[in-house]
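Following this line, the structures themselves.
Two complexes follow with chain A in common, the first pairing it with chain B and the second with chain C.
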Partner chain A sequence: MSQTGASLSLANVSKFYGRVRALDGLTFDVKPGQFFALFGPSSVGKTTTLRTIAGLVRPDAGTVTIAGRDVTDAPIAGRGVSMVFQSFALYPHLTVYDNFAYPLREAKVASAEIDRRVKETAETLKLTHRLERKPSTLSGGEQQRVALGRSLIRRPSILLLDEPLTNLDAKLRNDMRAELKRLHRQFGLTVIFATPDELEALSMGEEIAVMRDGAVVQRGTPDELYEAPANLYVATKIGSPHMNLIDATERGDAKSFDTPFGIVGAGARAMANAKGKRILGIRPNDIRLARTGDTALAATVHLIEPLGDVTIVSVEANGQTLRMVLPEQQAIGMKMGDAAPIVIDPAKIHVFEAGTGEAIR
Partner chain B sequence: MAAGGFFRRSHGVGEAGWGRTIFAAVISFIYFFPVLWIILTAFKTMNDVLAVPPKFLFTPTLENFVGVFSRPFSAGADSQATNFDLYFFNSIFIAGSSVFFALVIGTLAAFGFSRYPLKGNDTYLFIILTTRMLPAIVVIIPIILMFRVVGLAGSYTGIIALYTAFNLPFTIWMMKSFFDELSPDVEDAARLDGSSDTRVFLKICLPQVVAGLAATAVFGLILTWNEYLFALLLSGVETRTVPVAMAQTIGGDIGVRWGLLAAIETLFLIPVILVVFFLQNHLLRGVTFGTIKR
Partner chain C sequence: MTSVTTTGAKSPPRILQPRLDNWPAAFILAIIISILAIALLPPKASFWVSLAACALAAASAVYNAWGRYKGGLLVAPAIALLFVMNIFPLLWSLGLSFFSYRANRMKPPAFIGLDNYEKILTDPTVWDRLQTTAIMAILTVAVQMVVGFLLALLFSKQFPLRRYLLILVLTPMMLSYVAIGAFFRYYYEPTFGLLSQFVRMFTGEPFILLATTQGAMAGIVFADAWMWSPFVMLLVLAGLVSVPKYLYEAAAIDRLSGWRQFWNITFPYIRGLLMLALLFRTIEAFKLFDVVFLLTEGGPGTSTETIAIYVYRQAIQFNKTSDSTAISYILLFTVIVLTNLYLYLANRRAREA
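After this line comes the complex of A and B, so read on.
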C-alpha cells in the first residue's frame, strides 16, 4: 500500500468572502512526499488554503497546480486530494466500516475489494475491533484515526490535515504526532497540515510556511525560521520561550546600539553608518550571566520562574525586561531585586527595522 | 405529549425514586383522565353514560362500536350501514398523503433554504410563514371560491393540496432548523469522497435528520388529522373526513348518543397513537434536537 505523493504549487491565490480578504496573493509550493506545515494563529487563512487545494473553495485569482496540472477550476474529484477536518467530520449515521467504505462505494469499487481495503485500513490504524461502532461511541483518538483511515483508503496523493491535533488531549497528541509521521513514511504521500501550535509545526513540519493575513510571510525549515526570522512576526511566533524584543537606536558607529541595558555590540553584522530606531531580538537562550572580566550589561532580577532543570529569569533595566533561560544551579539563591549583570552574544542578535518589523541582516 | 409517559416502555423505578415517580404518575393521570373517560364512555350503554353519579364500574358493551358502522337512524327503524368505514379511510388517506407531500416538498425546500441561501433568504422564509398567520376563517371564503372555479371543491386532490399547503410552512421551518444543525464539514467530507450534491443530500444529510422527519411528520399528522373547518366546507360527500362526519352524528331524533361519539373518538385516536408509538424513539430525539450541544 504505497504510492507517491504529488507536488503542489499555489501561485498568487486570492479569495474574498464579501469584502473580507481570506487569501491575499498566497504563494508557496510543496515538493512530492513532503510533510509541510502551514503555521499561523487562527483566521489567517489556513483552513481556506486547505479547502482551496481540495477544491471546496474556488479562488478568485491565482492558480493551483497539482502534479504539474492546473486544477484551479477543476472539480473536486480527480485531484487526488483528501482532507481530515478539524472536526473530523465523520458520517455520524454510519458505522466505522461504512465510513471507511463510503469513498470506495462512491467510486464504484467492487464490494469484495471494498471489504478487503476496509479491513486492511482498520488493521493499519488498529481499529479492527471498532468496525461495527458508530463514531459517537468512539474516543477522540479513535475518531481521529477513523477520519484518517477514511482519507487514506482511496489512496490520495496529497493528504490535507486541518489542525489534526487540536481536538485531542495532551497525551493523545504525542501519540498521534508519531502516528502521523509513521503513516507519512508508510504511504509516502504529500502531507500538508495546518496548525496554530508552533511546537507542532516545528516538530512535525519538514518545511513550514508561516502565514499572516492570507499570505505566506516566511517559508523554510524549522531551523531556518528559528535562526533567521524574516521579520518580527515570525521572530515572535517561533521559539519558546518567545524572543525578547528591546528598543534600540543605532549609534551611528556601524558597530553598536544604545539600549536600556547599555551599549550592545552589533557583532560582525554589516550596518549602514546611520542613526535610526531598531528593535533587537534576543532569544532567551542567547543571554548568560556575566562572569568576572566580562563587559557586562547592568540589570536587576525581576521575576524567577523555576521549571525544574532550567529556570527562566526575567531581568530588568530602565523599564525594559529580558527573559533568559538559566541552568537550574545558576539560579539557586537568586532573589528578586538582586543585581544580575548579563552578557548578550552579539552574533545571536536579530535586528529589525522599528517601523516595518523587517529583519536587517 | 401529555400521555407520553404512558406509552414509554417501562423502565421500572429509575433514579428519581418512588416519591417523584408517584408524583409524575399523578400528574400524568390528571392529563390523561379526559382521554380515559372517553374510552370508558365508548364501552358504556346509554343508561350508564347518563348515570349520576358517574359510573366507574359497569358491564362493558361493544354496541357503540357496532353502531359506528351500522345503526338505525331513527327510533324503530332497521340498522343501516353508515359510511364511517369510508370516512376513516378518507381521514387516513388525506392526512397521510398531505403529510407525505408536505414532507417531500418541504424537506427539499428546507434543504435549499439552509444550504443555498438566496439573497433575502429570511424574507422568503417569513413570507412562507405569513400564510399561517391569518385565522383560517379569514382565508376560507376566497379559498372556497377559488376551489369552486377550478373544480377542486369536494375532490381528494383539492383537500390534499390544501392540507399540503397548510403543512408546508412549518415543515420547511422545522426541517430547515434540523438541516442548519448539521455540520457542513461532514458534507464537504462527502464531496471530497466523491459525492455529487444530490448524493450528499440523499446519503449524508437525509439520514441525519430522520428524527426531524419523524417529529415533523407527527406534528403535521396531528394538525391535519384534527382539522375541521376546511374539511367541513371543502370536502364532498365522498371525501368527508371523520371530524366532519362526527359532528354530523351528534344530531338526530334520539338525542346526542354520547356512547357512539365516544366510540368514534376512541377509534379516531388509534391511528395517531400507532404512529406516535412507532416513531417515539425518533420523536424524543427530534423534539430535543438542537437544544443539546452535541
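After this line comes the complex of A and C, so read on.
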C-alpha cells in the first residue's frame, strides 16, 4: 500500500450556524504528508474545520484547496479525504469485514481485490481475528482501529481524525498515539487531527495550529509554541505545569520590571521610557532556588506537591504565587512558610501586554 | 413488593394444608367447587356457589398478602376490576363454549363437550368467512405498511409546515371508528358522494362502489388503511429518527450509495419496529369489524362479511350464544398461534443478525 499525502490549504474560511460564528476567517495550510494538529478547547471550531475539509459542511466564505485544486464547492467524493469520527461511526449492523469492504464495493473494486485489501488492512491493524465480529462486541481500542481501517482502505490522500483518542482509556491512548504515528509513517498520507489535549497535540503533531473562536491564533512546531507563544492564550494552553503569570510594571530602564517579588530583570524585552502594565510569563522550569551569591527574589513557601522524581513548590510574595519545579532532593525538608529565595532566568521570561495579552518580543 | 415484615416470619403453608393463608389450595378448591356446582346444581344456585368460592379464594390471597406484600395489595383493586370485567367473562365464555346454550331461551346450558367446535370446524360458512377475513387482512395490512412506511420516509425529512402536516396525517388514527365509517359512507355514496361525483365527470353514470364484491372490498381496505397507516408511520418514524446522524456522514465520506445507506444503515434500525407494526396491524385486521359493519354490513350478500361480523351475527342476531363463543375461541387461538409463530421467527432472525 503506497499512498501519498496531498497538500491542503484553507483561506479565510468562515461558517455561521444561525447567528453563531463557528469559523471566523480560518486560514492555515498543511504540507503534503504532514501530521498536523488542530488544538484548542471544545467548541473552538475544530470539528467544524474537519467537516469543512471533508465536504460535510459548505463554508459561507473562503476557499478550501486540496492538492492545488479548489474544492470549496466540490462534492465529498473526489476530494480524496476520509475521516474518523470521534464516535467512530462504525456501521453497527455490519461485521468488521463489511465495514471495511463497503467503501470498496461502492467504488466497484473487484471482489478478489476487496478481499485482499480487507485482509491486508486487518493485518496492519491487528484485527484479523476480529473480521467476523460486530463492532459492538469489540473493545474501544479495536473499534478505533476498525474506524481507522475503514478510512485507510480507500487509500485517501488526506486523513482527518476528530479527537481520535478522547474515547479511549488512558493506557490505550499511549498505545494508539504510537500506532497513529506508525501508520502515518507507513502510509505517508497527510493527517490532520483535532484534539483538546495539549499532550496529544505536542507529542503527535509535527505542526500545531492553536485555535480560538473559529480562527488560528498561532501555528508552529511544538517547540516554537512552547518557546515563543504569541499571546497569553497560547502561553497558558501549552506546557505543563502551566506557565506562571505575574503582574508587572515597566521600570523604564530597558532591562527590568517591578513585580510583587521585587525587581525582575528581563533583558531586552523591557522597554526604555515606558511605564506600561505588563504580565510576565515564567515557566515553572525556569525558576530555581537561589544559591549563595545570587541576587535573589524574596519569597516564602506556600504549597508543596511531591510528584516522585520532582516536586512542585509554590512560592508566594505579596499575594502572588509562582509554581516551580524542583528536583526531589532540593525539596526535602522544605516546610510551608519557609523563606525560599528564588532566581528567575531572565532570558526565559515571556512578556505580554497586560491589556491585549499579545507577546512583546 | 418483597418487603418482609413481622408476619413474614410465618412458615409458608404446605401444599394442601388447610390454612387461611394457603391461597393456592383455596384457588384449587374454588375451581373444583365451581365445576361441581355448574355440573350438579341448578344454574342460579351454581352461579352463587361459584361466586362464593371465588370470593373465598380472593379472600385467602388477600389474607396471605396482608402485611407481606403491601405494594401488591395497592394494585389489588385494579386487578379485581380486571378480573371481574375481563378475565371472568373470558373464562366464563370458555366454559360456555362446551355447552349448548342460547341467551334468549330459558333453558339451562347443557354440557355437550366438543360438539360446538366440531360443528364450527366442519361448517363451510365459517371457512368462507375466515377466507374473507384473511384476504381483507392481507390487503389492508399490506397497504398500511407500504403507505405508512413511505409517509415515515417523507416525514423524517425536514420541510416547511412539516409539524402541521404531521398533525393532520395523524388525525385519522385518533378518530372513532364510527366517525370514519360515517365519513366513508358519504364519500362512497352513489348520488352525492365525492367518489361517485368524480367518476361521473368521466363516465356520466353514478358510481356505486359498494355494489360489487371487489368494490366493497376496495372501499373497506381503503378506509381502514386510511385510518391506520399513520400508526405504522409513527412506529417507523420513531426508528428513522433513532438512526445516529454521524452514520450518514460516515456513509457520505465512504461514498455509499443511497440504496446501500438505506439497507445497511437505516433499515436495521427500523426492522424491529416494522415487525411490531406488522404484528399489531395483523392482529387488529383479524378482528376487523367496525369499518366493515358501518360501510357494508358484510354486503353485498356476504362477500365482505368478516369472521368478526359473523360472530356478531351468530351471537347477537341469531342468539347462538355458545356456538359463537366457540368461534371466538378458535379465533383467539388462531391469533395467539400466529403471533407466537411470528415472534419466534422475528426473535430468531434478530439473534442471527
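Quick note on the criterion: the second predicted complex is superposed on the first by the 357 of 361 C-alpha atoms of A that agree within 3 Å, B and C clash if a C-alpha of one lies under 4 Å from a C-alpha of the other, contacts with A are read in each partner's own complex, and residues count from 1 in each chain.
Just so we're on the same page, a residue touches a chain if its C-beta (ideal position, glycine included) is under 8 Å from a C-beta of that chain, and two chains touch if they have at least 3 such contacts.
The structure displayed is predicted, hence computed values, not measured ones.
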| item | value |
| --- | --- |
| Partners on chain A (chain B, chain C) - clash or fit | clash |
| First, second, both or neither for A:106, with chain B first and chain C second | both |
| Touching partner for A:82 - first (chain B), second (chain C), both, neither | both |
| Which of chain B and chain C A:54 touches, first, second, both or neither | both |
| Chain B versus chain C as contact partner of A:226, first or second or both or neither | neither |
| Which superposed partner A:16 touches (first chain B, second chain C, both, neither) | neither |
| Superposition clash, chain C against chain B - the stretch among 6-14, 24-32, 60-68 or 258-266 that is involved | 258-266 |
| Overlapping contact positions on chain A, where the chain C interface meets the chain B interface | 51, 54, 56, 76-77, 81-83, 85, 87, 89-94, 102-103, 106-107, 150, 154 |
| Parts of chain C lying in touch with chain A, wherever the complex brings them together | 244, 246-247, 249-257, 260, 264-265, 268, 353 |
| Residues on chain A engaged by chain B in the complex (per definition of touch) | 51, 54-56, 76-77, 81-83, 85-87, 89-94, 102-103, 106-107, 150, 154 |
| Of chain B, residues touching chain A in the complex | 183, 185-186, 188-195, 199, 204, 207-208, 210 |
| Touch list for chain A against partner chain C, complex | 51, 54, 56, 76-77, 81-83, 85, 87, 89-94, 98, 102-103, 105-107, 150-151, 154 |
